[in-house]
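Chain IDs A, B, C and D follow the sequence of writing; residue 1 opens each chain.
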Amino acid sequence: MECAILIIQCRDQKGIVAAVSQFLYFHNGNVQEVDQYIDNETGDFFMRAKWELESFAIQKDQIERIFAETVGVKFGMNFSLHFTEPKPRMAIFVSKLSHCLFDILSRYYSGQFEVEIPMVISNHDNLRSVVEAFGIPYYHFPITKENKLEQEQKQLELMKEHGVDFVVLARYMQILSPAFIANYKHQIINIHHSFLPAFVGAKPYHAAHKRGVKIIGATGHYVTEELDAGPIIEQDIARVKHHNTVEELVQIGQDVEKVVLSKAIKYHLAKKVMVMGNKTIIFN
Amino acid sequence: MECAILIIQCRDQKGIVAAVSQFLYFHNGNVQEVDQYIDNETGDFFMRAKWELESFAIQKDQIERIFAETVGVKFGMNFSLHFTEPKPRMAIFVSKLSHCLFDILSRYYSGQFEVEIPMVISNHDNLRSVVEAFGIPYYHFPITKENKLEQEQKQLELMKEHGVDFVVLARYMQILSPAFIANYKHQIINIHHSFLPAFVGAKPYHAAHKRGVKIIGATGHYVTEELDAGPIIEQDIARVKHHNTVEELVQIGQDVEKVVLSKAIKYHLAKKVMVMGNKTIIFN
Amino acid sequence: MECAILIIQCRDQKGIVAAVSQFLYFHNGNVQEVDQYIDNETGDFFMRAKWELESFAIQKDQIERIFAETVGVKFGMNFSLHFTEPKPRMAIFVSKLSHCLFDILSRYYSGQFEVEIPMVISNHDNLRSVVEAFGIPYYHFPITKENKLEQEQKQLELMKEHGVDFVVLARYMQILSPAFIANYKHQIINIHHSFLPAFVGAKPYHAAHKRGVKIIGATGHYVTEELDAGPIIEQDIARVKHHNTVEELVQIGQDVEKVVLSKAIKYHLAKKVMVMGNKTIIFN
Amino acid sequence: MECAILIIQCRDQKGIVAAVSQFLYFHNGNVQEVDQYIDNETGDFFMRAKWELESFAIQKDQIERIFAETVGVKFGMNFSLHFTEPKPRMAIFVSKLSHCLFDILSRYYSGQFEVEIPMVISNHDNLRSVVEAFGIPYYHFPITKENKLEQEQKQLELMKEHGVDFVVLARYMQILSPAFIANYKHQIINIHHSFLPAFVGAKPYHAAHKRGVKIIGATGHYVTEELDAGPIIEQDIARVKHHNTVEELVQIGQDVEKVVLSKAIKYHLAKKVMVMGNKTIIFN
């Protein structure tokens, strides 16, 4: 059933929940989910409400305006309105490693993600055949130091052309330029193969092996200009032992990476992630 | 800061959240936490709201009546009202095994539980000295087949006398009579040393060892007349290996038992547990 | 580097480890891994040793005989000898659900499994195209009550023809006949979607939902004649909440299923699983 | 039953396991546990063997000499010999926070640790009564900048006098001097309240809260001169949410701290920890 999702952020004030609830009730909204969070340190208020459109008294294209006029303005709200249809459109970026990509494709195939995947973009060509077996177009953009910005520009054009809403870096081994990131603020999800903030940067499994840690991890986060420092969406870990080689850490870690990335995607798709400074609120 | 906690259960209807929010807003309640859940299978609605009393416009002893008249009756609500002060009063029942008891005492000492502990009751006398070192009275009620109901009656009298609100069975190796249980419906928390419904009844670690499971667990649940079948509040597990003896399973399991039991107590204390049939809703 | 793996089972006696170590040392074996386990309840001894063949003084086809004559007979050992080359040959059985199959294919693609996959067998045809994109033959054997034993016979013939060593039931929704199982004793790995022994049989997620458990799980085990009662190889769990529907339990559980099944396959491939009665020893 | 434990470290060479096994077998040792590890990067060999003394043909006070002469010298081994009796003697250092201390006392009481605890040392006096209820002497050493080295000297004297073998810092909020550490090399176990190497130093829960991580952790490690950088023995984590305050992180983390610390103590007591450079091998 088609639903609307309202995401609200404003200064905490008395009566917000009452006002939003009243708005939805008054217009006959059948509320499915509602969550709120008050950050006592900053005094910020966050809310997410999801309701069914079928019985709702306001037409889809009028909701934003009417909510703004009757509720939003009064409380000085930043809010955004989303609908579960049409489905969001996700571009997947990948290099040579296949585990995260195949895991996403598997979930897409079984209907676990409410998403369209108009493209897989890679700087290598090796994963084309499997991607195409899932019915998804595969675009090969070789990257060199020289052509990087130019290729990014072409990627962006392709993404605009196909209406891409957000990007998943499924172990894409290229650092995106600030200009690219600026086009998709808080809409690029990366999987980093360590429990951040430990082992920022390249070769975290090597660093973990060298330090002799007993747990390794993975972190799904939004990409910002500073490497591996964006808002964390999801993390998880796995136990390792002294006899595990770096190669074994890589294998053990891949299982964590793919589960963490898929959870981050799922939260993002459901509009359950709100960014507050450099942190996330997950309404899950 | 003293707070009120309102627990609501009724048939799902449009406008409930709006009405409750409006009630709290209208009377100047500073809301700290609010959660709701609709069970789509049964059509039942559950809600928990916590707000500060200081600024609230209704006097403490009038809230229940006024809420009933202005909101409760309209929606046919079952509701209960609680206050964070005075603290709930908890009786701990224990046999010979000390790990859960000492863990609770440790949390009590550090102020992790908002609770009074007017008594520890045991069918053995061995744990008296440590309990008394924490400043808590220790009552020894030896139990035999013959005197069991009689002793239960004395325990109940002692509990009433000291205003006990709820009971924690911290590995109490006696099965309580239905009459005892009826006095504290959904107010007796037991820790069972398996991940229920696996290994109901006595000696679950022996049964787990015999079956060759790779995980063992523990379950915190409300006690009902049927053994180990009451509503589950919390569960967790630990990994075990083929070389672990039953004695090692017992040791490994004790760490799970005490953490699970303490979480169940914490949820119960905060009125975050609602019972729906034989299941629980945990507003956590 | 090609290795030999020796798996030993016998009555516990003094001097076994010394004798085996001496054998490997005397013939210049470069030992990579050696594990042993004594079951003190039964007095049984279990051992696994892996060493490099390159420098070993005995020819590959003579090791079994010479070990038997010089060590095995003396201690009354049951033992089996394996080599890392050629790779074991695994048949995958699947019905309509794709998540375990795709996860296995993904690991196969990235070289995580040291295995050949000569066939995927299914009672449905829907997963053919993806399987074939991975270069693996797909065989469709529709199953009815009437043709089941006949189809099993054809499957067995196909498996023999292609030298299948062991079978993985990747959510294959058919119960295999005792005759089929007898052909591959302790060589058929099933994934059951609960933490056994809880929720044996059909629809475990429905049963878990009804009981109101806070954790769900999955169990990888060898198939025996009794349903879901064979030796457990691996188990894991995931946390769930009161608001999770059965459909959500299914999705959450699938992530556990595929990781558990892949670990069971990995242990089996490395000959790290030994069966003792209805339990397993995992030399991991 | 009294056992001997042999800990061996040397260059990897063929025949080590055979020689040690032969030694134990020849002298009629009933082997309980034997583990070995070869570090392929460094070419180092590590081994731990535990056997019963009762039937052993060599007298307790002759084992070290005879092993050295017949095996140790041949392979250039560094080795140490330990006995399960008398029990190791552990000093506990604590400041004001009680959770780790009480957890250790609880395990001590139930016989989970094979250890003597001749003293608890604290820079505060608040935990005296509970410690003494467990029958353990409590020593109060107030620490100031000025008297620190002097007090450490007195602590060392007290420890020597009571034959302390190793030290557990159960949330002791003082940094030990290099001189103190040198007296107990790899014999001082600290619990750090983060998953190292993330959040080294003071106030890790504050840092974790600020970074917005979704998991927090704890690390048990040997103390070396560099703060929080010693060999890691054990780690674990817990999940946290955006709404958790720093105070809640502290509470959630305490459960992890105490379990991790107790595991580190257990491994250390059983001589299952070997230090290799700045890493540990855990024969568990």
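Assume a contact is a pair of C-beta atoms (placed from the backbone, for glycine too) under 8 Å apart; a residue touches a chain by one contact, two chains touch by 3 or more.
Labels paired with UniProt names: A, B, C, D = Formyltetrahydrofolate deformylase.
This is a predicted model, so every value here is computed, not measured.
Across B-D and A-B, the chain pair carrying more C-beta contacts is B-D.
In this entry, B-D is the pair from A-D, B-D or B-C that repeats the interface of A-C, since more than half of their contact pairs coincide by residue number.
Set against the C-alpha centre of subunit B, every other chain centre is closer than that of C. Subunit A and subunit D have centres, each the mean of its CA atoms, that are 42 Å apart. Look at where the CA atoms of subunit A average out and do the same for subunit B: the two points lie 37 Å apart. The residues of subunit B never reach two or more other chains; the list is empty. For subunit A in complex with subunit D, the touching residues are 37, 40, 195-199, 211-215, 217, 231-237, 241-243, 245, 276, 278-282. Here subunit C touches subunit D in the complex through residues 14-15, 17-18, 21-22, 24-26, 28-32, 34, 36, 38, going by the rule given at the top. The touching residues of subunit B, counted against subunit D in their complex, run 97-99, 102-103, 105-107, 109-110, 112, 129-130, 132-134, 251, 254-255, 259, 262.
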